[in-house]
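The two complexes that follow have subunit A in common; it is paired with subunit B in the first and with subunit C in the second.
Right, the complex of A and B next:
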């Protein structure tokens, strides 16, 4: 099998033509964003938020995947490690754009009176004001500006710090004579990251997404967002690995590796559905007005989107990826990866938009254009990072195991 | 009458066994089956076994479980004794579906798992009361048993080959 495989120092070359595609996508995004602001589209801010969160958490998912591989000392994934590594390097971009969006929205909201996050209104917490909201004021211990800023800063420092650290050590390993030492360093770092990730990924979901619907809360929300971010990350990974393989750059990745990626895609699609349904069913069953309000708006005004996400993210991967042969077909992985990617973008859309703009919504060329722009930026950053290092990591103690991986 | 005979080569090491299979294959002798205490990677393709069809059974049993559970709950809570579920007197299967999903899921898993186990036991002739066919007392412990089917006149050559490739014992 892979026993006599000859490791070649293959690199992905980020050509001018390929860069041009990203530039065009970013240009489309810029036009869409500027148009939506110039025409005073009330979805302009939520579009920015959806897309930035979506691509930022995909990068975060890449970092999580990487940390799990180190912590569990996984052998097979060494050959594909460069892909999540490159994806995680989008985190500084995501964090920077997030900061710009939050500050920009705070300034813009100050004059227009419309914030992305309802609880940003000071009057809600002021008992003297007619706007005073008893329920939101009760949440002021968590939802207050200084603590919010501190939390967001903490997430970004943790994520970017670990992403840079893993990337640096992994590239050092390529030329280090003794790779095991660096491997152990990354392994112990991954333990620390996983603990921090468990906390930050949940809290990030409350801060960035759940606090839009300020009155509403769900104890499952952090997990639900985690499932969504991880499965979208696996979908992007599958797309990238298959396209690299098609270019002939990843010959060391055989059908057994693809099978494992397919398993992840299948398993976490089911996991996402499990949480999606659990959150829905408990609220549907108990029928408490303040909880049901969240789903009422989605059911009445976002019905097509809301139901479509279920079919795209659950029924499609379930039926198409169920057999062993399907998980090993690159073309099928590519198609389902793209499908799940779009499906989870729609999932983030229906998580965020109803809370920001209510029932007056549309998903036209400005919404899709903004998504294309962010995708262009993500594509540029990830491919640029991939081109910087050889696709086969060297000196990793598990490299040989990855090359010989059969299942 | 068939003049085929079964020869069992007993091995105590995975690698020796795999090498033995390779040697036999090089001489054009097919290995019929291998009994091993744990799954060996690459064994199926080495002895040319067909892919297991138990996953197809699993799917069918699972679908059966789904249908049975839905039929049961439709009969009990919608048809025979209509229930007001969660303060929503909708009295229709599709409207009350969220309440039925957990049971449906459990029933699917139950039927799929039990169906697969029972199918596997039937297929392997492992049933209560059936005398087990033990080739070597340590066959599922730490020994590997390889069975080769051969004509009677070839038995001695194969026995020699098995001995040479490291079998600790040979049984006919």
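Right, the complex of A and C next:
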């Protein structure tokens, strides 16, 4: 053992004061949500949807990161494994809230006539109705309620099932006599999860986001959403790791590990930009009306917001994280992580809002308040999970590589 | 920095308990010895093919593009299919040296040199198709924005074809420099061991006066890192730009936003398949089985499995979205691919690219040299058909049924394709004779951690 520090059980303690911060954030969120409903804000539902999807897919990103570590036999990341593990445990919350939001909106939409998903209107599929939409009716093989419910249920079962499985085995490993055996079990589970993730990550993007703009389609959309969710997840991971390290709980994570996290943040920000550009440029260049309508509304009515999203998510990490030193500075990782986190929240905002409310939009205190509320909940769940297990996993066959990691 | 011990789960990357000196001996042996019979047979066949390439290209240039099977509707066919196929193959080398370097995959060290060589020769083959399909190769410099005396003759910067010229020439230059930089210390090693005057003379020139001082190595490392940084976006950009040749259009089947990343995944897929095909033969003929081990083959097969699955997901996504879009032309383009007159091309592609790589879920097949070789050939064929399907079936039935036609290649087009294999294999075979096929000085950096000898020592220490 080359490490010169004590790796005995260091645990994060989720103190009352820290819990209070989450409670206050959740309270702010509740006030914002209730106010937006009471004042009949037309963005009330889309605010709920944006934030719930955003934090749910961040948790999903954590699970994906974890699975990749096992599948690719990664050594260095064992020391930070508890963080994505804890993040993934938000998935049951995200799924439960998603179910509530979908059912709530379906019931509310029945009386108000406004659904989050345009295709929820029955009349669109009825040739007798004046509302009949020839194109949307052509999609009924996919966009119909029973199939939609079955798909969503399938995503949730797969994601939650794997998140809990990994978490359970990982904690068992802490006291297992033979860590390699459990490691190999998780590795073979990771293959299965990754196959299912490849399918569900694209399909959930079509279901939860692309079908809001019911007429519009883009083959890249699933992967674009994946890029956005993965960068957001890395940003949250960076913030959590640096926070834990500053509390002195993650001494086994050195600057080389931070470098890797910074590298991921940098690389996937560029990857996101690459997909953003591919989707935008090809649609802009070809200028086919059915496709370009999607960007017209964003250019005409969301221009500053839409351009700012691009700059925050591309230029900021590109310039600030380019050097080796920058990736190793905890403060810088914290700041850029936060910036990218906000930038990708804006990305999800611009993916969802225009399709729901069109050109009449705003991003004021109710929108931000709702986001704060969801962040409070996510923070509570993730920190609570982190406090339940030691921050240094035990008996992992790759742990020693992680402790000795240098680059 | 102390002594780094790898996890016991990691397999050794160098077998046969090699010492550092033994590595030099093993890798220099093909350069210092004489070529065997099999090499000469292969070289003769490749040279004959190259000669045939010269004849067919010469005939095309001398007579005109009328000697090809292309027509008014299908105006791109074998030429661009082969171009994209070769560019795709030319992706693995730089991916291995740049992206796998950033991910710190040590197993890349035994295969990067020959994969990079493959990249360089494959890009040359790709470029040859662009030049030959111009019909007038003597004006091949026109796509380059040069000041000229022809009045307003200037390239159209809005055209993805011009982006392609920039992307591929940049990629080629950087890959070449990257490859050559890595070769310098190895050339110096050959030079220092040279017993004949001729060898000493040439390897002295090739090694640029390398003496192996600390300063030499420090600069070497710095340049390598900078080049890796430049190459990483290039690996993604080249095939993305190639895909934009199609995707910026309004042709159903071509205009689809998933094209850039899907082309890149397909390129890596085909590139690794070609690396497998070549290395399985090379390791056998040059006795490199202890360096390019079954574990290396397994790792490459995993990449083939992953990228093959990504390509499969992309195929299904395209198909689904074509239906979902509700655009009749888009829907027809895809139905026509699967059930139209070129159905056999589509199903060849599906079988070779989507189904065969799934066999690699089996560890036994991943570790079988024979199975890997067969499947890699399937993937090479499948990726050729992919480009044929995209190009020819999307074009042959366009918006006006009156202009629907069929396309079939003439002997000249087939000849240029077969000849291009000669254009590829002649330099590759020369490479295996005159260049160290494994980056020996880089490989030596892992002897103390990842060789079978180091593993034994580690186990010995513990007991």
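Keep this in mind: the second predicted complex is superposed on the first by the 402 of 407 C-alpha atoms of A that agree within 3 Å, B and C clash if a C-alpha of one lies under 4 Å from a C-alpha of the other, contacts with A are read in each partner's own complex, and residues count from 1 in each chain.
We adopt the following convention: a residue touches a chain if its C-beta (ideal position, glycine included) is under 8 Å from a C-beta of that chain, and two chains touch if they have at least 3 such contacts.
From a predicted model like this one, the values you see are computed outputs, not experimental measurements.
For the composite obtained by overlaying on subunit A, subunit B and subunit C cannot both be accommodated without a clash. Looking at the shared chain after the overlay, A:406 reaches both subunit B and subunit C. In the superposition on chain A, A:263 contacts subunit C only, with no contact to subunit B. Legend: residue contacts after superposition of the two complexes on their common chain; A:239 is shown touching neither subunit B nor subunit C. Set against each other, subunit B and subunit C differ in how many residues of subunit A they touch, and the higher count belongs to C.
In the overlay built on the shared chain, the residue A:290 is in contact with subunit C alone; subunit B does not reach it. Overlap of the subunit B and subunit C interfaces on subunit A comprises residues 281, 285-286, 406-407. Of all residues in subunit C, those touching subunit A in their complex are 1-10, 102, 104, 233, 236, 240, 244, 247-250, 255-261, 309-310, 313-314, 317-318, 320-321, 323-327.
Across the complex, subunit A meets subunit B through its residues 1, 277, 280-281, 284-287, 322-324, 406-407.
Taken together, the subunit B residues at the contact with subunit A in this complex read 41-42, 51, 55, 59, 85-88, 98-99, 101-102.
For subunit A in complex with subunit C, the residues that touch the partner chain are 2, 73, 75, 134-135, 138-139, 141-142, 180, 183, 195, 198-199, 202, 206, 215, 217-223, 263, 267, 270, 274-275, 278-279, 281-283, 285-286, 288, 290, 397-398, 400-401, 404, 406-407.
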